Structure formats: structure tokens, C-alpha cells
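Okay, got some structures for you below.
Shared between the two complexes below is chain A, which pairs with chain B and chain C, respectively.
Coming up: the complex of A and B.
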């Protein structure tokens, strides 16, 4: 049907203003998301060290990845980190948020205090923890010695280094998850607790059957954010251990960084990046499937 | 100044500005001493050459000069001249066409022959037969030792062999305040698996133990041998016997803090000691070697050289500036300001330098060591190769998880795989 005949007039001026409104984002998206993504995809099939011209090598980067023990080491290390970091993060954040949600004196002060590490530079925090973790001269081991306990090889034992980093990362990030849990807690209708109290439910039963199920959406968000954040683990091992001891803290991101910027293997680093993105996607989908339940209504 | 040796090369790029003045950019290393040196030389040059103006800009601070130069070549933002070129990275720059072949200048041979011995110079020739670098300075890796700490442990002779070093270490490393914790060490190395750290322990010690051999022969792995195993075994012993701490220090150099008795380093350490521990009595000696090793003791030279980048619009003028940088007078300035050794054959015979060495007797040791230094091998992907070596070193020497034989074999296998992959 003819538009003119139908009486529908295109809002030309409105259309143009909409275009200008979205243009900054489109420009940003094209420059910082679409173009780098497309270029990375191109790199996957090339050997390139920034300086010399690109060389087409087909699927060789993938065949290298399959036979690369360090890729599997870095993947394993990252999963170990997630295995420690996520439960620890949830337990600590939930514990503190329950405390901060109750009526205690100085609640506002403590909320700000726990959030403080989130806004401090990651490198500064890492250097601070380096001083705490030092085997011979660290504060933690000095305290252990004071009470007659043997020192812990926080960063120099391949079995202890990654848990040490996970503890540090939890300390650094827990503030943001406390805030998320607090929001979740404050959204739980108070009537549910009142009804449960009338029915004689004890506090731990209220927590188990009201608080925890009602926090399920928050837990999903936290698990997904922690997983993605965990796969981005870089500053901590880069500054603290350089990936050692014995590659036990070589995270995926650190390995990609080394391949790209130390060794100049941009194509291989891009391949690692894509494979890691697929791994993250798979893990997040599985997590959602396992954790997601209908919230109590 | 009119440059009279025309005909050596075409003058590429734009002509000098309207006033006929040529502008050059020079990047020195970003440490305070070299900035001071560069500043002095550039000021003098600009005074003497009003038509060729040089601007000094320290290399932008980054993890390494190599990263910055790679990015600069890729982005076409290189300077005209840089004096912090690590020979190990030169191959990448030349493959990218980033450097000017300096032997195109007719007086190149005479300039370098007057300064650097021919056999040493030959080690800086690239695969294609050209020279892209003027060897500028060397920092022979040697053993600094704290005289007081050795004396207090009852050691009168400086350890020259592995056996002597380990024996001395057993006396030096101890708990001095009775808190059950060793607080004085024989030595210390950064235990993090950082590739470049191996240049100053494994590689320098391999050169010393092998009588001056490097890791590759005709581009193939040549370190899968007993010498490398001996070096790994030596460091393994140092860690197992707690002569070295399994930690890394932040907030101070443990040698200048007098927490360790020996330190493997280049002459730049002299300036550190002068600044942070001027009262400390110390000496410098060649690196310890296996008991069976022969004299003289070689070491890693840690050369840093001068190159001209191919995007310069004024290669001839840049070459004039390079020649100015490497005159005997400026080599003396290099010594005086930075305590680093110019790559020249007459250091101990030229009267120009005599006063400096009289005032700085420690530096005589480095000058004596300089002819017995080795460069880095001209093979591709050195950083990745040293990373592989670093991981084997860590597994064997630091943590004792692999035997030296296994670790050397592992490093050699991985190095072969890296060379094969990157061919």
C-alpha cells in the first residue's frame, strides 16, 4: 500500500535524531568491539609479531594449541582458581552481607570499609599482599613464627600459591559481592520471615528455606561474574609470581599476555583468546543450568 | 655543517626545513644516568652543529625497550637513532626492515675498526652480512662480593670455583639473631620465571663454565650437554643447602642492604652501591666456574648498541651523530656518568681513560673482563627460548623437582620445538 495514500508519513526528522543519538555508541562499538573482534578472528589464521608482515598459516595455531601443554596447564590453573575463589567469595560475601544487613552499630562505616579494596588499584593491592606473603620476611609468616607455627610457603610452593592468590583476590573483590547480596537481602519481603516465625521456624530454617532460595538470582549473578572475573585473572600472578612456581599460577590471561606481548605470537594469542571465550561460555551455561531454580514466590 | 661524504646513500624522506635545519630524534635508555649522559652529548652536539638539531627523548618507560621499539616500528613512530638496542632483538627489527644497514656508509669500517677489535665486531654482523648496529657499551656480568661479610664468615679467598663458592656459602648463610630464620645469605636470584633473569644466571654461568661457548651452534641447540647440567646442579645446590633464599625481595637490593654476600651483576651495580651503600667495602671477581674449567673465565657481555631506524629522513646526519656518540671523549663520559664499559679495545691502554680507572679501581676489573665476553646468539624467538629455559631452571634449580639432566634435556627439547614452530 502506498504510504502517502495510507496517510502514514515517515518521521524523517525524528529518524535522524535517533541516528545521532545512537551514533556515539555505534562508533564506540565498531571501534572497540567489532573491529578488534574481527581483527582477532583474522589473526587466528595468521602468524604475526606486529613488526613483520602477517603470514597465513591456516589452522596451525589450533594444531599448536592442541599439543601445547602450557595451554592445558593454564586452563587447569584457572579452573583451580575458580574452584577456590567462587565458593570462598560467596561464603565470605554472604556472611558479611548478613552481618551488615542486621542492625549493628557503625553499619555504614563497615559497608564502606569492606568496599574499599574494590576501588584500590589492583597492582597496589598485589604489592601489599606480596609483602604479607613473603616467605622469609612476610608479615603473615612473622606472625606464625611468633606463635610457634612453621612458616607457610605462600607463593613459593606450587600447591599453595594458587590458593594464596585466590584468598587475595577474594579480599580484593568481596566488597562488590557484599553489595549485591545486600541488595538481594533487602528485596526479600519481610512478610515471609514474619509468617515463618509465626509457624515456629527457627532462624537457620528461615535462612535455609527463605533467604537462600530468594537469593538464588543474586547467586547466579555472582557466580557468573566471578567466573568471568576469574578467567581474567592476570595482575595477581603477573606481579606476585610471574606464573610460577612451576607454572602453578600461570593463568589463562597471563599465558595469552606472554604469548602476545613477550613472544610476539599475536595469532596464537588470539587463538587462545577465542578458545578461552568458548570455555567461559560453556562453563557459564552449565552453571546457569545447575544453579538456576525458580525463586520462592 | 656540510656533510662531505656524499654518495654513500640517497637522501630519503623530506628535505630539511625552510631554514635548512635538519631535525633528528634520539632515544637513549630511560635510566637517570643515561639520560644525563645523553643530555650532555646532545647539548654539545647542538652547540657544534646548529644545522642538525638533535632532540633527546628517553625511551618511553615500559616493561622493556624491545616492546617499545616493536610498537614504534609497527606504528612508524621510531626515532632516528636509539642507543639501547639489545642484539637479541635486532633480528626482528631487521626482518621488518626497520633498521639502516650502517655499512652502507663509506667510513663505517674505519670508524668501528678504530674502536672495536675486529673479532669482537664480527659477532655483531647480521645473517645477511650487513651491520645494523654499532656496539656501544657492554656490561660484563661478574660476581660482586661483600668483603666484610666474607671476612666475618672466616673466608679469606674469594671463591673462584663452584666447590669454593658452596663451601663459603655454608659459612656465610646463617641465622645471625637467633630467631631461627636465616637472615644472611651467600647469594640470591629472583626466583620468578622471568626469561631475562636467566641471562644473568644460567646464561652467564654457562658461558663461564664452557670456556666462552653460547647456547647455539649454526642456529641449532648446543646446550644439551654436561656443562649446562653442571650449571643447573650448582644453582640447585645453592637452593637446597639454603645458601640462596627461595623468595624474592621487594623494596631494596639485598646486596646493598648487606643481606647477601655475593651478587651477580654488571657494572651498573657500582652506581647503585655508591648511592645506597657508600660505606660498603666490596670487590668484583669473575663468575665461579666448575673446578675443571679453564682460564680465562668468559661471561655474558649484555651489550647495548646504537642503530639508526630506516624511517629516518636523514640517515647521513644520523650517522654523523652516531659517530659523535662513540668518540673517545664521549666514551669517557659514558664511563664517568654511567659506569658502563664502552665497547673499545684500548680502554686500559688509552691515556684518556687512565684517570677514570685510577679513581675507580673496581671498574678496572670490568674493563679486564670486557674482552672475555660473549654476545647473545642471533637466533629467532630468544625470549620464548629463554622462557623455556627459565621454566626448566625453576623446576630443577629452585624447586628440585627435576634432575639437572632432565631439566636440561627438557629445555633443549622445548627450544628445538620453538625453533621448529617459528621457522
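Coming up: the complex of A and C.
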């Protein structure tokens, strides 16, 4: 493209400065990306606790994984989390962003408030919600009693605990997605709505046929980011429930951590990480295909 | 009427997001017997819970550790990210296309796959329980390189060419000419990196066991699950408040930058 640049610049000198500009990154890449990737391919075929020598066990880590009920529990738990978290997040974020996108005062103030949990440490948020969710004296159950409803066993019932974590995660992250939806909403050309109004389209039809399809790229981003986030779920169950009750909040990352640091099974933990990475990539690919194919009318 | 409903909903939302934080702060300042109340007020506010936290864990030290780690990571990500971003955007060199593809590939790798090998690397290099272990693996980020590259592409080539005619080297051009023009992207990268680094807790839990080197979220995590809080709600809430205050204060001054930075993560998807 730019002949002039290379005309002025002898090629060799450009090459040399480029080398020094990118060399630190290449070194970093080899140490912290390429080497760990290669090493993980080695680890998955070994039994190892770091201390004693590595022991080649062929595909045993994989056969063990296929027969490991806890792996499937952790995968199932993650899917439960995502099944609640993603729709809830899209509905709540879309709702608030539509409210904020109309002509109102104090828009910046509200947006800033909704975004607040995003910046606060997940540990602090989790400790806080542990108190909100407490069965006997928690704020949420006190509120329920106030309006005459029975208390909910937020963290102590194995059927409720993961949904509780999904609600907490939505509260923490929804600010990001409100902001992303606001950007998406502002990118929709006004002419579309004007044309629709002239044709006599009702507001809800405008939403269905203009707003929602035009937000499709934003929705893909939200689904993909939430999925990656869901599979990284660690500190919330670690602090809140320790994976319980009855392993119902054991997340993939928590299981990998436990295998590595409580049992010292480095080879198996690496295998879990490897398989989880494949699962994530597959799910994200499928999500993109499916959502992008949705008809845009 | 419709507007009233809108404001009502927005205010309910505001309460949902703000009340828990206010309750946390109020609870950290109330005597143990009053904490579970819904109201935020108390006649006998006390700093007893904070005294408990401060005597049980070296939280001041952890705060300093977190500052050291987060600032080092942020400075490094900005420095090296802009260097690679500049080379990719404005220099033509052998392998530049391959390098760019490699960086995009890096962004796609789920961290689960490299986490355990990275930990083992730290063990083998004898770096556990050091600042290096906390800083090194996040010293550079593929995402920041992509952001810098994108921004630098828009810098007029004529500007760079004329600096070259004046005999400036590429490093001089980057640091003296491009950096001062790049405040928006630098703020974005810095805010995102600092926030992520400050709130990171899984990696510190893996590589640091020495209490003197623990980061703030790490020590608060261990305080809450390790029994040191002795199930005193007040001291748990005080620890959580101490952990969130620095970020909340930074956020209240620079909230526009936080929100705008986060909006750019959308392009990651």
C-alpha cells in the first residue's frame, strides 16, 4: 500500500526496529502461550504430582474422564448456570438499556449505578451476597417474609444453589451488557423507525422487526462473552458454597482447581482443562452459527 | 404517565444495584447484633469489625502487594502492547502477517488449557511466592495489542514519514509522536488491565502461599473461607468493604473511562 514509506526507509532498518519492537512479545508468547500449550499436550498423557517423575499412562486420563461422574456434574452445573444466566442477562440488560435509551433525565447517573458491580471485585460481591442469601437472617429472605412469602433456601438446596449463583452473576455483570446494548441501540439508523411509523407500525412491532434484529450482533457478543464467563466461574462457588450442596455448584474451573491443588493430580487437571477448552470452543462456534443464521427481517 | 413509569422502573433498578453495597458498608460499621437488619442506620456505629480484620490479616500489606502487581502489569501491558501494535500497524517486516494471526489465535485460546502448565512452569522456575509469578503471565496481552494496532492504523502515514525524514528512529516516533496522540486507547487499555489485574484471584491463589505476598482479593478470600472471620458477619463485611473501596473510589472519579473502556470489549466478540 505505502510505497513511499519503504522508499524513504531502507528495508533493512525497518526490519531491525520491527524486530526490537516485537521481540519482547515473541519471547512472552513462547514462554506463556506456546510452551504451556505444548506442555499441556504432554501432560494429558501423564500421571504426575509435580514432585515425583512423570509417568506415561497413554490415554488413561481421557478414559478416566469419560468415566468420571464429577466431570459430567461440573459440566452439567455449568450448563445450568448458562441456561439461567444468559437469558436473564439479555432480558434484564435489554430492558434497562431500552429505558435508558429514551429521553430521560439522569441517564448518566443511572448507567453509572448499574455499572457499579462490574468494577467491584468478585470476592467482595460474593461475600456480600452470601449475607443476602443467608437462609435465616439474609436480606432477601427478610424481604420475602415482609411480603408474606416463604423463605427460599438460596444456597442450601441443591436445586436452588446454582440458579442463585446465576442470579448473583447477572447482578454483577449486567452493567457491561447494558452498555453494549446502548451502543447497539444508538447504531440503529433513525430512518428505519421513521419509515416504520409512516407505515403505521406499532411500537411493539417496531421493536420486533427493527430493534431486535438490528441488535443481533450485540446479542452474539453477549452470548459468547457470557458463555466464556460461565465456564470461568470459580471464585463465586469457591467462596459461597465450596461446590456444594451435593456438588450442585461444582463448576468446571473449581473442579480443575480441586484436582490440581487438593489431590495433586496435575496430569488429570490438565486433561480436564484441555477437554473444557475444546468444549468451550465448540459451544462458542455453534452459538455463532445458530444465532447468526436467525432471519433478519 | 408513561414517563413516571419509566422513572419508577429506573429507580427500582438503582435500588437493586446500590442498596446491597450500602447495606454492606452500613453492616461493616454496625454492632454484630444489628447487622442482619434491613435498615441502613444504627445508633451505635462502631469500627470494631475493621479492628478485627486489621488484627487478623495483614490487609495493609496485601493492599500494597495488589498496587505493586496491578501497576506493574498495567505499565507493562501498555508499553509492550503499544510497541507490537505500532509495529503491526505501521511497519512492514518479514513475518508481520504471521505474527498478527498468532495474536488473534492467542485471543481465542480458553485460559483453562494453559492454566495448569503455566502453574507448573512457575514451580519449575522456582518462582512461586514471588512478585514475578504474579506479574509475568499477564505482562502482555493479545487483546491490548489488537486495540493498539487498530488505533494506530488511523494515524496518518504522512506524519510518521515526515518524522522518519527528520531522522527519527521507530522507538522515538512511537514514544514521542504516537504516544501523546494515543490517550484514548491508552486509557482504555490501562483501565481494563488495571481492573482485571486488581480483581484477579484464581492465579494468586495458585502461585502464592506466603501471606506477606498475598494480594488483597486473595487474602480476603482466605479470610472469608479460612475461618479467621470466626463467622463474624461484621468482619466479613468490613473485609469486603475494604476490598471494594479502592475500586469504587477510582470508579467514582473516572466512571466515564471505565464504562467506555468496557464498551470496547464488545469488539472482542
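Note that in this section the second predicted complex is superposed on the first by the 282 of 297 C-alpha atoms of A that agree within 3 Å, B and C clash if a C-alpha of one lies under 4 Å from a C-alpha of the other, contacts with A are read in each partner's own complex, and residues count from 1 in each chain.
The rule is simple: a contact is a pair of C-beta atoms (placed from the backbone, for glycine too) under 8 Å apart; a residue touches a chain by one contact, two chains touch by 3 or more.
For clarity, every value in this text was computed on a predicted model and none was experimentally measured.
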Which of chain B and chain C A:156 touches, first, second, both or neither: first
Partner chain(s) touched by A:247 [first = chain B, second = chain C, both, neither]: first
First (chain B), second (chain C), both or neither touched by A:127: both
Contacts of A:135 with chain B and chain C, given as first, second, both or neither: first
Which superposed partner A:64 touches (first chain B, second chain C, both, neither): first
First, second, both or neither for A:29, with chain B first and chain C second: second
Which partner reaches more residues of chain A (counting touched residues only), chain B or chain C: C
Which superposed partner A:176 touches (first chain B, second chain C, both, neither): second
First, second, both or neither for A:260, with chain B first and chain C second: second
Touching partner for A:50 - first (chain B), second (chain C), both, neither: both
Footprint overlap on chain A, comparing chain B with chain C: 50, 127, 130-131, 134, 137, 242, 261
Complex interface listing, chain A residues touching chain B: 49-52, 64, 127, 130-131, 134-137, 145, 153, 156, 158, 241-247, 258, 261-265
Chain B to chain A touching residues, read off their complex: 63, 67, 70-71, 73-74, 92-93, 95-96, 98, 179-183, 191-195, 245-251, 381, 383-384, 387, 391, 394-395, 398-399, 401, 421
Chain A residues touching chain C - in the complex, by the definition given at the top: 2, 4-6, 8-9, 14-15, 17-22, 24-26, 28-29, 31-33, 35-37, 39-40, 43, 50, 95-96, 99-100, 102, 104, 106, 110-124, 127-132, 134, 137-139, 142-143, 146, 171, 175-176, 179-180, 183, 218, 220-222, 224-225, 228, 231-232, 234-235, 238-239, 242, 252-253, 256-257, 260-261, 266, 269-270, 272-274, 276-277, 280-281
Footprint of chain A on chain C - complex, ascending: 3, 6-7, 9-10, 13-14, 16-18, 20-21, 23-24, 27, 35-36, 38, 80, 83-84, 86-88, 91-94, 96, 99, 102, 106, 108-121, 123, 136-137, 139-140, 145, 157, 160-161, 164-165, 169-171, 174, 195, 198-199, 201-202, 205-206, 216-217, 220-221, 224-225, 233, 236-237, 239-241, 243-244, 247-248, 250-251, 255, 258-259, 262-263, 265-266, 268-269
